[in-house]
Amino acid sequence: MAQTASIREAYGRTLVELGKRDPNIVVLDADLSKSTMTRYFAEQFPDRFFDCGLGEQNMVGIAAGLAASGKIPFASTFAVFVPGRTFDQLRMSVAQPGLNVKIVCTHGGISVGEDGASHHSIEDLGLACSLPGFSVVVPADAAETAQAVMVAASTPGPFYIRLCRPASDVVHPAECRFQLGVAELLRQGDDVTIIATGLMVPAALEAAAALAGEGVAGRVLNMSTLKPLDREAVAGAAAETGAIVTAEEHLLHGGLGSLVAQAVAETHPVPMAMVAIKDTYAKSASAGELFRHYGLTSTDIAQAVRSVLQRKAPRGR
Amino acid sequence: MAQTASIREAYGRTLVELGKRDPNIVVLDADLSKSTMTRYFAEQFPDRFFDCGLGEQNMVGIAAGLAASGKIPFASTFAVFVPGRTFDQLRMSVAQPGLNVKIVCTHGGISVGEDGASHHSIEDLGLACSLPGFSVVVPADAAETAQAVMVAASTPGPFYIRLCRPASDVVHPAECRFQLGVAELLRQGDDVTIIATGLMVPAALEAAAALAGEGVAGRVLNMSTLKPLDREAVAGAAAETGAIVTAEEHLLHGGLGSLVAQAVAETHPVPMAMVAIKDTYAKSASAGELFRHYGLTSTDIAQAVRSVLQRKAPRGR
Amino acid sequence: MAVRRLTVDVPDRGETSATPSSEEAASTEPPVHPAALIEKARAVRRHVIRMIGHVGSGHPGGSLSATDILVALYFAVLQHNPRDPHWPDRDRFILSKGHAAPALYAVLAEAGYFPVDELSTLRQWGSRLQGHTDVNRTPGVEMSAGSLGQGLSFSIGMALAARLDRSGYHIYTLLGDGECDEGQVWEAAMAASHFHLDNLTAIVDRNQLQLDGWTSRIMDLEPLADKWRAFGWHVLEVDGHNLARLLDAFRQAKGVSGRPAVIIARTIKGKGVSFMENNVDFHGRAPSRDELDKALRELA
Amino acid sequence: MAVRRLTVDVPDRGETSATPSSEEAASTEPPVHPAALIEKARAVRRHVIRMIGHVGSGHPGGSLSATDILVALYFAVLQHNPRDPHWPDRDRFILSKGHAAPALYAVLAEAGYFPVDELSTLRQWGSRLQGHTDVNRTPGVEMSAGSLGQGLSFSIGMALAARLDRSGYHIYTLLGDGECDEGQVWEAAMAASHFHLDNLTAIVDRNQLQLDGWTSRIMDLEPLADKWRAFGWHVLEVDGHNLARLLDAFRQAKGVSGRPAVIIARTIKGKGVSFMENNVDFHGRAPSRDELDKALRELA
């Protein structure tokens, strides 16, 4: 059985680490510090923690003002409230001036579960990628989260990092290193490439393992950076494997599938299938049930691979 | 020389027509009624007009409450403020309940010109398409605007219609009919398809005319409905012409190019080029200068066509 | 067609026989329908605890603080008809603090909108009872909520529609106190008085706690009454667990003319379950099996 | 390093020789630097009208109503250094109502941040003077703006940073009155007093007009002072065209301790050009050639 670890916990602990190293690190939250785990930082560094109450727009503006004054603000809440509640604030106060604001939101996707549609963040990646100058990252596990947060802290410019609520499978050995803008090859293969992000990465690995039993050699890329997209890795996958399946816990529109489709169309057109949430809001249920009902399991990925392989051009022979 | 007519003017006049026919039509604005042209409606039907001042979020919520009470609200402001300032309100109060709210925003794109980046709406289409259940429409000229607004009024469910500030070239004969979700064939051709929306439609026609002189037969589709996308027309264009160029007054991310790329990858992969705003905010200048500097002219479209033709597979022979 | 005061004809589900809790019994003014309403509130609290305990997630604190307000509304104030949820002339109730959905569901079930048995399906796949309110799934729910700060704007739309249609129905909107941090609430507050909406009554569930802690510490709201007054509202302040006072406040609020009224209801988060009262931990966590039993014993 | 009061050492560009307008001269209390400041304001108004007239677009009304406030700040209140715009200890000025950019540009140019000649490039391709303020392009501009309602939040961030760094600089933020419709302004107002930010002063340009008409008709703000007071601010009200009174108000505001202060500056939209005064048409339209000449004659 796969080991699991909490991505949110990793975030909270990393913030404390950062806070110890750099007095310019400041943290903001919008009345959700117990859920986003910024409370660890708040306990250690109360003077550098600002709870903005239920004022997400104000929080983003405050973060911008802090960044303009040389601080490195991390602002957190649920993914469904930022960027959705604050898109214009991110645009005007952060992205246009290019300020060094780090938005780290937890509870991304539908793995939030029982809280239901109001709390399911299925469009945040599309919104965040609509902000010129932002880097957009979706770590796949706790180890990658810690590293991505560190990289964000030391890389100038605005970041959006999306984390999920549940503890997630460990996919990375502890020694692995997150590189911004670089797709991570998790499994080699030449028949098809599965490009996945976040919680869908372990599912993609599972699917690839299952497909191997059918004689299909699936390559798996962890695309933890959505923006800037590793277009080279995408073009390479298209050229070398001739078919691509994307998998994400997000609407079909605006996320990984749409970014990859654009890169593929502009470089090396190949058949694609996209595992994502179709144009709908999900209901209340456990994360597992929701993944089944909305087609986000390893079985769905494997099925998508089979369908895309049928559309694949026979290898040049 | 092409005739021009004001799209905003057409909107304002159509609202008055609608107001006369149906007492349930109500109109809201957020302190921009002189620019969006909802003022015509306000003058004729003051009791059914609600100026919400500078409260875009509140305006969207009020529109939702009116729709839930059987009214057909049209809510207007600049495209840069809705959906950007109100995405969460559109999500929670309009899209999730599926209410009959019509958002019609003017000043879309960078043709706003001199006001600069804060007023350039280059991400609104991506945001609007992230709202399950919404129809998203970008009319190409005044005649199509009038018809699209009429169709929105009589089609249940939420709409986002994006209009532009400048008067625009007339591309439609008066007798033509807007059909929701149907791409309009404006010019036949078999070598490449240019799929354009809004102000880029006349530019696409111009490019096709120029390319004809080089022996390239370019098909031109007016994709005035972005959502639901006419996937059949896209797949047909891919299959029949083997190469596609999209053209839009929007970021490369989240708009027409990304929708078409997804449809193409899922149906009939062909080389594509996308004329759109690269990952940047524009500066202050006249609309014409901005179109030149950010690569949105007929020359840019023609150039994109030439480049995509070089990547096109030789016809099956 | 309309059922005006449902208070007296509520079905006895064998859960309404206990004596009122000391706080409520100590009320100096007798409630209008004292026994029935107080018993109803007790039954609703039991439902809330059971539902949340059963599924293992949900928001007990803010559901319990709002219970008496909801009971007052649905059993003594609102003109509504559980057999015809879409009756055009019904009064509207908008739950802006959508995380109190369990309390609303329990009240709706007790009022007859759907079977009480259905309450146990809360938050489960296929249920009509979503984690936060969903207007398209639950009979009697008027608005989808869960992202805070949006209900008052929606209510203004309903109030404007009522005026256009010359309908006499009244709109009631329940907000959390933490929710009043949201700018949209003040956009709406300003607009509602600008539009002179005297067919609109807001209630603030003033339980002094938001998610991260005391409102005074996280984001101080005081002087809250002055804020609403400065935004053009008629302000009433009341003990939000005293049903008689609540009914009186609702009567006064409806009588205000030319502007909207707000009732600031002083409440206790977690009210009715000793270990949940004023305990921020139970904002959004379900009781364990043991806690559930203990809570139900207290509410027996 | 810091230039404290620039008022007296301003370069005479041959534009500061006219007599003060009657309203300003009628002020009972003599301004601190009466002639220089009043003349400066007149020069700024001329720049504003010329810049907007030249390019054919822009917002004269709200630029002219804000001119005296900006002149008071940059020539008698702010501690700043035009030769070192990033001097860490400078006071910060945040123009939240970004459409008044022409007035800010004119003041910055007059203060020496960049050549006055550059003003004529407003809104044109390649100019450092964007239609709305852009922090990355214009020396002296502290924040990008243009979407209203965001400046006060940004200012809170700066004020918190100043406190963390134990720096003594003060933050001044100019809001439009229509802008105060925005919910974010009240989120920020609540937070600024919650955080006890006495290094922050907001100024509301209370010209009674927003884009669609009078604020009293479009979205009534009154009682505006009560609103700010209820949100925990120290409130000062002042004639926004009386430089002496403005300076006095700024002095008082800075003296407030434990909470932020707001100056509600009563102004006239279009102030200084007869046909623009109180004329909502000139909110966002440029003067024609004839109107430009007429305006410049009035401001000569």
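Each chain gets a letter, A, B, C and D, in the order it is written, and its residues are counted from 1.
The rule we apply is simple: a contact is a pair of C-beta atoms (placed from the backbone, for glycine too) under 8 Å apart; a residue touches a chain by one contact, two chains touch by 3 or more.
Computed from a predicted model, the values in this text were never measured in an experiment.
**Student:** Taking contact as defined at the start, I'd like the list of chains shared as neighbours by subunit B and subunit D.
**Tutor:** A chain counts here if it touches both subunit B and subunit D, which gives A, C.
**Student:** Could you work out which chain's C-alpha centre is the most distant one from the centre of subunit B?
**Tutor:** Of all the other chains, the one whose centre lies farthest from subunit B is C.
**Student:** When the centre of a chain is set as the mean of its C-alpha atoms, what distance in Å lies between subunit C and subunit D?
**Tutor:** Whole-Å distance between the two chain centres: 45.
**Student:** As a quick test, compute the distance in whole Å between the mean CA positions of subunit A and subunit B.
**Tutor:** 29
**Student:** For subunit A and subunit D, what's the span in angstrom between their mean Cα positions?
**Tutor:** 42
**Student:** Could you list which residues of subunit A touch at least two other chains?
**Tutor:** Answer for subunit A, listing residues that touch two or more other chains: 52-53, 55, 57-58, 80-81, 85, 88, 91-92, 96, 117-118.
**Student:** Where does subunit C touch two or more other chains at once, residue-wise?
**Tutor:** As it turns out, subunit C has residues touching two or more other chains at 134, 144-147, 181-184, 187, 190-191, 194, 219.
**Student:** Draw the chains as dots and join the ones that touch; what shape do you get: line, ring, star, complete or other?
**Tutor:** complete
**Student:** Which positions of subunit B touch subunit D when the two form their complex?
**Tutor:** These residues of subunit B touch subunit D: 29, 31-35, 39, 51-55, 57-58, 80-81, 85, 113-119, 283-286, 289, 293.
**Student:** Name, in rising order, each residue of subunit D that touches subunit A in their complex.
**Tutor:** So the residues of subunit D touching subunit A come out as 134-136, 142-147, 150-162, 164-165, 183-184, 187-188, 190-191, 194-195.
**Student:** Show me the residue ranges of subunit A that touch subunit B in the complex, using the header's touch definition.
**Tutor:** Touching subunit B from subunit A are residues 80-81, 83-85, 87-88, 91-92, 95-96, 117-118, 123, 126-127, 129-133, 244, 251-254, 257-259, 261-262, 264-266, 269-274, 279-281.
**Student:** Tell me, which parts of subunit C touch subunit A in their complex?
**Tutor:** 55, 57-58, 98, 123-127, 130-132, 134, 144-149, 178-179, 181-183, 210-212, 215, 218-219, 284
**Student:** Would you tell me which residues of subunit B are touching subunit C in their complex?
**Tutor:** 26, 47-48, 50, 52-53, 55, 57-71, 73, 88-89, 91-93, 96-98
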